[in-house]
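Same chain, two partners: chain A is paired with chain B first, then with chain C.
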Partner chain A sequence: MYLSSTENGRSASPEGLVENVSLLSLNRDRFWRNLTLAPAIVLFLALTVLPMVNLVVLSLHDIDWAQGLSSWTYVGLKHYASLAADSLFKASILNTLVFSTVAVSVQMVLGFALALLTSSIVHGRLFYRTVFLLPILVPGIIIGAIWKLMFSFDFGVLNQMAGAIGIMPRDWLGDATYSLASIIVVDIWHWTPFCFLLLLASLETLPQDVYEASDIDGATSWQSLWYITIPLMLPAIAVTFVFRLILAFKVFDEVYLLTGGGPGTSTEVVSFTIFRRFFTEDRPGYGSAMSVTTFALIALMIIVVSAVTRRKGSTS
Partner chain B sequence: MNVCAKIRGALIAFTLPLAFMNISHAQDQVPITIVINQSPWFAGFQTVVGQYQEKTGNTVSLDVNPFAGSLEKQRSAVRSKESPYDILIMNAGFFIEMYKGGFLSPLNDIDPNFALDKDLYTFDDSVYWDPSTNKIDAKTGKLMSVPINPFIPILHYRSDLYAEKGLKVPETWDDLLANAKALNNPPSMYGIVQRGARGTFDVTYDVLPYIWSYGGGLLKDQKAGDYSIIVNSPETKAGMEMYLKLAKEAGHPSTAGQTQANVLQNMATGKAGNIIAVLAASIFDDPNQSAVVDKVGFAPPPHAPGFQSSPGLGHWLGGIPKNIPGDRQKAALAFLNWFQSKDAQMAYAEAGSPPVSRAVLESDLGNQPKYRWMKALSKGLTTARLPFFIPESAQILAITELGFNQIISGQTTVNDGLNNMAKEMEKVMTAAGYKAPLLPDLKD
Partner chain C sequence: MSAAYGAPLRPMLFRHGLLVIAAALVLFPFLWIVAAAFKTQIALLTGQLLFQPTLANFVDVLFSSTSDYVRNFSNSLVIASASTVLVLVVATLAAYSLQCMQWPSWVLHSMLGWSVIFHMVPPITLAGAWYSMFRTIGLDNTYTGLILAHTTLNLPMALWMMGVFVRDVPRELIEAAKIDGAGTPRILRHVVVPLVRPGLAAAGILSFIFSWNEFAVVLTLSQRQTATVPVAIGKYAQENTIAYTEMAAASVLSMMPAVLLLLIAQRFIVRGLTTGAVK
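== the complex of A and B ==
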């Protein structure tokens, strides 16, 4: 059977035979590899690519209902062209950028600081880790209820505390001056543990011999942090940052539960606008165009952030 | 006859009626599921559903959701191959899209003999739909739904404080302003708390009684087919300015952030002198939920001088999806038929929910202190009107919810806010094929 390859013009020498056998084995390996990967690829296509293709197709149509049946009308890029004139979408993009940048930056700094603190604690490390992780375990709906009560103008603990020290009550959620900042505070409280967890895991894998060498060389704690810890952790920092940025860009529950996007457009975020246009207004075509555009924006953001961190990493 | 025969006879005589009783309570319809939203009147509906199950032995499940969530579920259900729900409880703002989309079965297609009880309100004929003209029409249309709830905005005022300060129940907005000012003592008491937050059909619903009662509105006369945009008319502006005046001079400092729950909470905790909201008597008279039990009075919303009170219909209708099997449609109609009976309506009112039967709402029950809201509701219903006769209401509401909230929060001026809303509404209406001329922009 192996010799049949000679009939196809391949060498019949012992080396050639070995080569043929290893090629065949490689092909067989490749076949099995592809076969075993196939279910995952099919699943990926079915759950990720197909819905995306469906979303793009939907974004090129208007859908109407009559007699219980839907009719699809092809409208080309009309929905994409309309996005530029949609003041709500523009406001939501701007708010989302501000929200995600500020919230994630603060979460990274706090998460990193907490990770550093926790890793240096000898006694009660498990206790502190558990306490710092608690907010991430609370379901979004509970977080919304808790913070809505805390921020309440009339009954909230924040205004009662402020009143106790003679500060006028603030309308944390109903005044455009504070509303986005209030949502950011809630998001920081909720998601800092996520950054903390990932950064702590990375921190604990750093090689100790480098620190020992730096100690011998007389490096201060600050120098160790700046010249050893941060450069070594840069890949983990970048991954955590990008991961959180993606999640922050998709923020929905906190806004939905606390402000409903208001007052005015002050806390309108892109997921909420998509929800409104797609579901509440029942405009699936237009809502899909918004979703595809947002997807493209997030992809672009990831590419830029990855490129910057890669360049920074190679420089370090 | 021996003793055994006597005992047997007695047993038969005793058990026979029980057997018949069991038969009359045996389930004669397939189980049904109703999709409904969580509202202040839900508890009463739940009680009545319980009574229906007890009396008929039929099973009814309730799928309870927030306002917007219920709409989503209804849309998904009727667009699927087979709806999981047998009755959709539809709000005044959105039922027309269900009619126009052809998602509901006309009730006489299920049972040709079914008829609405003569005492039931039809709420601007919103239970009828003519698919040939795509319009609400009681004469040519088919019966599509049964009214479930008669919600309109009602003035809730602190009757104890009114009596204490010698205030009269307000007829006009100026009367209400004067009363609200008399009670205003922030932060322990706000003269009035108004809903100003954005939602699905929230701030628009609460602004409508103001702007309608000054002769303004959103669209000129939808019922007559006149879709001229009047949201930036001087009359609408006058109504909006009255809303803002109340908020500024005697209202809550965070009107733009007030949801319905906040408004009700302020009244229930004794921090509001007046609110205009859908009927929440069952909350305010419940000692477990309220600090103002028996201290709240009810009246139709005030109006501008020379106009009548103009509450918007925020009623709920029960419709049966087309995409369910016949036995489920029949079971759903059996429930609706029972629900519209006078006994059920009486039980509904006694459970704290406003009935949709005029006979019950205008009955002697209204003379009892517990049901003191009935007279205000029945009076308000005489001048209440339907906010939307068109299926594009969701898109219009998206514009007005944002626009009114921006005006109330001070993000934009009244003129700019109303002018912007008018332009955006014109786009939606024109794209949908209506003639919707614009008024000239309001100028300072």
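== the complex of A and C ==
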């Protein structure tokens, strides 16, 4: 592999010099090759791999702070064992799963519909795309702030509208019946545009001749949607769905601002439980065990998904 | 016009109708928060539709002695800009190295694979470790610590994106430059960088926005002196009596960079967000 550049040198140089020149340029190539990758490697090792190791070590200890000094007690797998019995952690995993699947499923349907609509119009695409991009770019915490005001029991616009049509005001965030659903609504509003954008991008790359052929054959637009667009879009739909699903597990900002996990455990999500255990309750050992477990579960999921899609891709 | 595209007028109007409704649903919360920012607390609480706009909230957020907002804003600018520059440099070098310098394929795959995994796990899982590491070496509550953390968070995205763009640089150009005697630094500066400029713009804008928006990590690694804009907004919500209209005004100010970038550089943002998804 390395030889491709030195072979060029060989054919251009006089016989006697060949060995020296190629060896020299090989060394120089190697030097630059290592140097250009080094910063990324150092950053990854120092700030992702090392912290992971650090977390694993922390998770095997109890850490106590006394007069600015920490004392570490080795406790083995105790934290992992108590994880299984932690009802808050279990609730947060369940909530995160419900939250992600419901929110992302709705986002995909709405996003696909919007993408189809946008790709079928001639004028105004730029306008709609600009508007739909906005929620993706605004800080999650601000989206939380906006919706906290809109959901407010006393003066929120939702209750004002409900009042106008004679519905009793509801405590959208403070009532465990609605709180998770309210968070899901916010997430749908926040991330449908992202699904829209990815699906629109792949819609725009679909081959046009198939549609022309089906037009000539007299296919209705529903038929061409069902028999051409959706089958052709299936890989893009699958990728977008999985991608969004995994990213939805990250949810933190909105929950932090809107409900803080409550009322009760109704909106407790994994990121928030880790934050609570590690920082609010100051239990780094236990919080680390939680982090390691979450990290491992998600990494495993990504590896399984990419193995499955790769196999599918190679057989078809 | 529409006949030329084989689309009759009525379905066209119907589609626009649906899209306008969707656009209104997306825009409404933004308009509502902007209105709230110009309201007095009383106008907000009584839900007045027509109100006397006031700048008092903005004045309070920007100039009140109890407000840290200006400092938060400049912290955000410093951290987002510095981490963006770092991300671009590191990602471009690494992308060139991985795509053009004959690494064994396991190096390429483990770098990209690790990037994907790291990009997808919640940042809060690592925040605890960063906190204890930074505290040990004195980097907690410093710009350096936060800049490094954001650089790490945005590196996977930039690495992925720059990889796609660098891969598209014609190999003949690089080979030709080599034959002319150009070393790696010159090839990077005069061949690669000019050709991947759209990629740099896309990755740079997104990395700036994501750093600007990032909340969980700054929340855990910063204190008052280094807190950024999202932390400032988060703090409003934690107080016992929430100053709603001020929170609205601070939110409106904090959205400005995103809105501005969206208006002037939408092309690059779209390209950045869809890179890798389409290819």
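To be clear about the criterion, the second predicted complex is superposed on the first by the 250 of 316 C-alpha atoms of A that agree within 3 Å, B and C clash if a C-alpha of one lies under 4 Å from a C-alpha of the other, contacts with A are read in each partner's own complex, and residues count from 1 in each chain.
The working rule: a residue touches a chain if its C-beta (ideal position, glycine included) is under 8 Å from a C-beta of that chain, and two chains touch if they have at least 3 such contacts.
These numbers come from a predicted model, not from an experiment.
Student: Once the shared chain is lined up, is A:48 touching chain B (first), chain C (second), both, or neither of them?
Tutor: In the superposed model, A:48 contacts chain C only, not chain B.
Student: Who does A:270 touch here: chain B (first), chain C (second), both, or neither?
Tutor: So A:270 only meets chain C here.
Student: Does chain B (first) or chain C (second) touch A:279, or do both, or does neither?
Tutor: both
Student: By residue count, is chain A touched more by chain B or by chain C?
Tutor: For chain A, the partner with the higher number of touched residues is C.
Student: Under the stated touch criterion, which partner chain does A:40 make contact with: chain B (first), chain C (second), both, or neither?
Tutor: second
Student: Would you check which partner chain A:154 touches, where first means chain B only, second means chain C only, and both and neither mean what they say?
Tutor: A:154: touches chain B and chain C.
Student: Taking the superposition as given, does A:97 touch the first partner, chain B, the second, chain C, both, or neither?
Tutor: neither
Student: Have a look at where A:144 lands relative to chain B and chain C in the superposition and call it first, second, both or neither.
Tutor: It touches chain C, and chain B stays clear.
Student: So, A:194: does it touch chain B (first), chain C (second), both, or neither?
Tutor: After superposing on A, A:194 lies in contact with chain C but is clear of chain B.
Student: Just which bits of chain A does chain B share with chain C as contact spots?
Tutor: Shared contact residues on chain A: 154-155, 279.
Student: Can you list the residues on chain B that touch chain A in the complex?
Tutor: Those residues of chain B that touch chain A are 68, 71-72, 75, 78-79, 97, 100-103, 187, 196-200, 252-259, 265-266, 269, 271, 322-323, 394-395, 398, 402, 405-406, 408-409, 411-412.
Student: Can you tell me which positions in chain A touch chain C when the two form their complex?
Tutor: 1-2, 4-5, 8, 12, 28-29, 32-33, 36-37, 39-41, 43-44, 47-48, 50-52, 54-55, 58, 114, 117-118, 120-122, 124, 126-142, 144-150, 152, 154-155, 157, 160, 189, 193-194, 197-198, 201-202, 205, 215, 236, 239-240, 243, 246-247, 249-250, 252-253, 256-257, 270-271, 274-275, 278-279, 284, 287-288, 291-292, 294-295, 298-299, 302-303, 306
Student: Sort out for me which residues of chain A touch chain B in the complex.
Tutor: Chain A reaches chain B through residues 65-70, 88, 153-155, 169, 171, 173-176, 179, 259-266, 276-277, 279-283.
Student: What does chain C use to touch chain A in their complex?
Tutor: 1-2, 5-7, 12, 15-16, 18-19, 22-23, 25-27, 29-30, 32-33, 36, 44-47, 89-91, 93-94, 96-98, 101-103, 107, 111, 114, 116-118, 120-133, 148-149, 151-152, 155, 159, 175, 178-179, 183-185, 188, 209, 212-213, 215-216, 219-220, 229-230, 233-234, 236-237, 244, 247-248, 251, 254-255, 258-259, 261-263, 266, 269-270, 273-274, 277-278
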